[in-house]
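One chain, subunit A, links the two complexes that follow: it is found with subunit B in the first and with subunit C in the second.
And now, the complex of A and B:
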C-alpha cells in the first residue's frame, strides 16, 4: 500500500540473515539514540534535591560511584539496544532489541536504594515481561504469513499482505514496553536520581514506538 | 558560490521562522490577556524575552548534571531545526512527528538535569502527558490511508487534486488541533508549566540557556502550525501562509483563554478519550476507503 514510509532507503546492508537499512527516518531516530547514549556516557549525574513540604528543610541525594557505574553501564546497554532497533531491517531482531530495552530499563533503576523506585521497577518489569508475549507472537505471525521477516521485502510488496492482528500484536508488545497507557509504573521510576540514565528509560520506549509505527505501515 | 548563497538563504529562512514563531507566541499571549480583560504584554514580548536572556548572566546550578543541562538546549534547537528543513523540503511527515514526540524527551531532560524538584516534576509531567501524542499518529495513519504517502509534497499535491483534507478528514484535523493545543502555553493541557511548579521543566534554565529554549519554542510553534496548514489546507503562497498561521494562533488563543488548566489526571484522561475516538474513526476510514 504505502511505499517508502520513512523515505527512500539510503543504504542497505545485507549480512547473511542480518539486514540493516537506513532511511531519513531511521537515521534521525538512530542519531537521537546515539546522542543521548553519548550524553549518558560523559555526563555526571545531578544531585537531586528533595524538599520537605511544609518546612524549609531540603537535602541533596548523592549517588555512590559503584551505583553510578552500574547504572551508566545499563544506560549505555539500553542505548545500544535502542540504536539496534532503529536501524535493523529484520522484524525478529527488532523484537529482540525491544525486549532488551525492557530489561535494561529495569536495570537502569535497579541499583537505586529507594523502595518506591524498586516497587515501580518491579511492576514495570512485570508489564514489560507480559508484553513480550504479543511482541514475539506478532513477529511469528509475520513470518508465518509472509515467509519473510525482512522489512525490505515487506516494503517491496512482493510478499502476501500482513494481517492486521499481527500488526496489532506487534504494536501492543511495544506499547507494553512503556508507552501510554502502560507507562504508569515507569513514571514512578523517574523518582530515581541520575538524570542522564533515567532519560534513557523514556527515550528508548519512545524511539521503539516511533520505529514500530514505521514497521506496521510496511506490508 | 551557489551552495554558499543557498546556505545563507537557509539560515535566513531559519531566523525568519524563529522570529515569526516568537511573534505568534506574543500574539497568543496578547489575545488571551485581552479576552481576560487585561492589557497584556506587547506582541513582540517573546522576542524581547529571547534577546534579554541572551545577554543576561548565565550559570549552571551546583546540583545540575552540567553536560546534560547544556546538551538538552542544543538538542532542542537541533531537532526543531531539522523539523523545519524537513517541512520546507517537503520531506516525510513521519520524521516531523517523530521529532514532535522526541520533544517530550527534551522536556524531560530539561526537567531532570538541574536537580530542582520543581523542574523534575515538570519533566515527569511531560512524560506522563505523552498520551497526547497518540491521537497524532492516528491522524497520520488516516492521512496515509487517503493520500497513500507520508511525504508532505505528495500530501499537498493530493489536496490540489482532491481538495483540502480539512474537509475530507475533519476529525483527523480536530485531533491534530488538540495535539498543537497541548503544546501551547497557558492552555488546558499545559500541565508541564503549571504555576505550582514555578515554571515547570524550565525553572532552572536561565541566561543563554533560556534564550536557547525560547528559540526552540518559537521554531516549534512555527513548524507545528505550518505543518497543520500544509497537511490540512494544502500548498499556500507566503502571504496566505502567514495569514493562515495568524488565524490559527487566534483560534488557539481563544481555546486557551476560555478553558481552565486541567489537573494532570484529567489532562491525560481526556487525551486518552480523544485517542479512543480517533481509533474508532481510523477503523471506519480504513474499512470505507480501503476495504
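And now, the complex of A and C:
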C-alpha cells in the first residue's frame, strides 16, 4: 500500500535502481523549477542604479557580458539540479542534487565584484560545505537501517521504519543549504546585482526544503 | 525582545558557521545517545571481500562476459547487470597482474575500474557526482582567471 504523502505516483520513470517518480506534489515543484530556469535562460539581468539621497546624482552598476554569461550558466545549472532533486526517487540521489544546488548557489554570486557579497558567499560556502556531513550521514543511516535507498520502497512500508535521527540529519543538512536560521549569509548574497540569477539561490533552497519535508514523512 | 537579540546575533553572517557547527554537534550527540540503531541485515548492495584478488574491494567475481548475479532493487530495470563486472584498460590489466593493490588506485591512473554496479544500476549517481566536480572546477577556474 502506497502512503499518500505527496499523492499517488502518476508515472514512474525507470533509471536502473533510481526511479524518477511524479506525484501531483513533485510535478508542481518540478514545473516551478522549470519555469524559473526558462526565465533565467531568456531574461536580461537587471541593472541596479544607486541614487544619491537628496541629490540628482545616480550611478548605474554595469554587468559585463562575460560575468553575465557565467552567472546565467550557474543559474541554469542550479535550476537543473533543483529539478533533479524535485523528481528523484532515491535518497542518495537527492542528497547529491542538494549538494550540487549548494555549490551552484556560491557560483551564482562568485563573479560579483563586491567584497561584501564575496564575504557572504564565502561564509555561505563554508556552511554548505559543513552541511554535506549531516546530509550524507543521514543518507548513510537510511541505507543502514532500512537496507534500501528507494523512496518507493519507503512508501510501500516493506522496509523497517526510519529512525528519527536519520530524518533529523537529512533535515539539518538541507537547512544548512540556506534555510532559517542559517539564511543570513544567503540574504547578504542578494545584494549582488542581477535579479533573475540571484533569485535562483532563494527559489532552489525553498523547493529543496519543500521536497525534504515530503521525504522525511515517508517511511 | 529575545527574538531581537537572536536576529541581531544572526545578522552578522560570521556567526552562522559556529551556530551551524553547534547544531551539528547537538544532533550528533543526540545520535550517539540514541545508539544502537537497528541494522538491517537485508542490505540492498551486499559486500563480499576477496582479499586474494588484485582488484580487492571492487572485485565482483565471475568469469568475463558471463552474467554474474548482481543484487539490485529493481532487477527488471537493469537486464544487462552482471554481464561486465569490471572494465580494465590494457594498462590497468597489466597493473592488476603485477601488483596486488590495483583496487587502491581506482582514481589514480587513467582508465581505472569503472564499477559496473554503479554504472549499470545507479548510473545517475555517477553522472551527478561528476557534475558536482565539474561545477566546482568551473567556479574555481572562473575566479582564478578573473583575479
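Note that the second predicted complex is superposed on the first by the 212 of 219 C-alpha atoms of A that agree within 3 Å, B and C clash if a C-alpha of one lies under 4 Å from a C-alpha of the other, contacts with A are read in each partner's own complex, and residues count from 1 in each chain.
By our rule, a residue touches a chain if its C-beta (ideal position, glycine included) is under 8 Å from a C-beta of that chain, and two chains touch if they have at least 3 such contacts.
Keep in mind it's a predicted model, so treat the numbers as computed, not measured.
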Partner chain(s) touched by A:190 [first = subunit B, second = subunit C, both, neither]: first
Touched partner set for A:35, first subunit B, second subunit C, both or neither: first
Touched partner set for A:47, first subunit B, second subunit C, both or neither: first
Subunit C versus subunit B, contacts on subunit A by residue: C
Touched partner set for A:99, first subunit B, second subunit C, both or neither: second
Overlapping contact positions on subunit A, where the subunit C interface meets the subunit B interface: 181
Touch list for subunit C against partner subunit A, complex: 6, 10-17, 19-21, 23-24, 27-28, 30-31, 34, 37-44, 72-74, 77-78, 81, 120-125, 128-129, 131-132, 135-136, 138-139, 142-143, 146
Of all residues in subunit A, those that touch subunit B in their complex: 1-2, 4-7, 24-25, 28-29, 32, 35-36, 39, 42-51, 60, 179-181, 183, 186-187, 190, 193, 195-196, 198-199, 202-203, 206-207, 209-210, 213-214, 217
Subunit B residues touching subunit A - in the complex, by the definition given at the top: 62-69, 71, 75, 79, 82, 86, 91-92, 94-95, 98-99, 101-102, 104-105, 108-109, 112-117, 120, 123-124, 127-128, 130-131, 134, 137, 140-141, 144, 148-151, 268, 272, 275, 290
Subunit C-touching residues of subunit A, taken from the complex the two chains share: 14-19, 70, 73-74, 77, 84, 88, 90, 92-93, 96-97, 99-100, 103-104, 106-107, 110-111, 119-120, 123-124, 126-127, 130-131, 133-134, 141, 143-150, 153, 159-160, 163-165, 168-169, 172, 176, 181-182, 184-185, 188
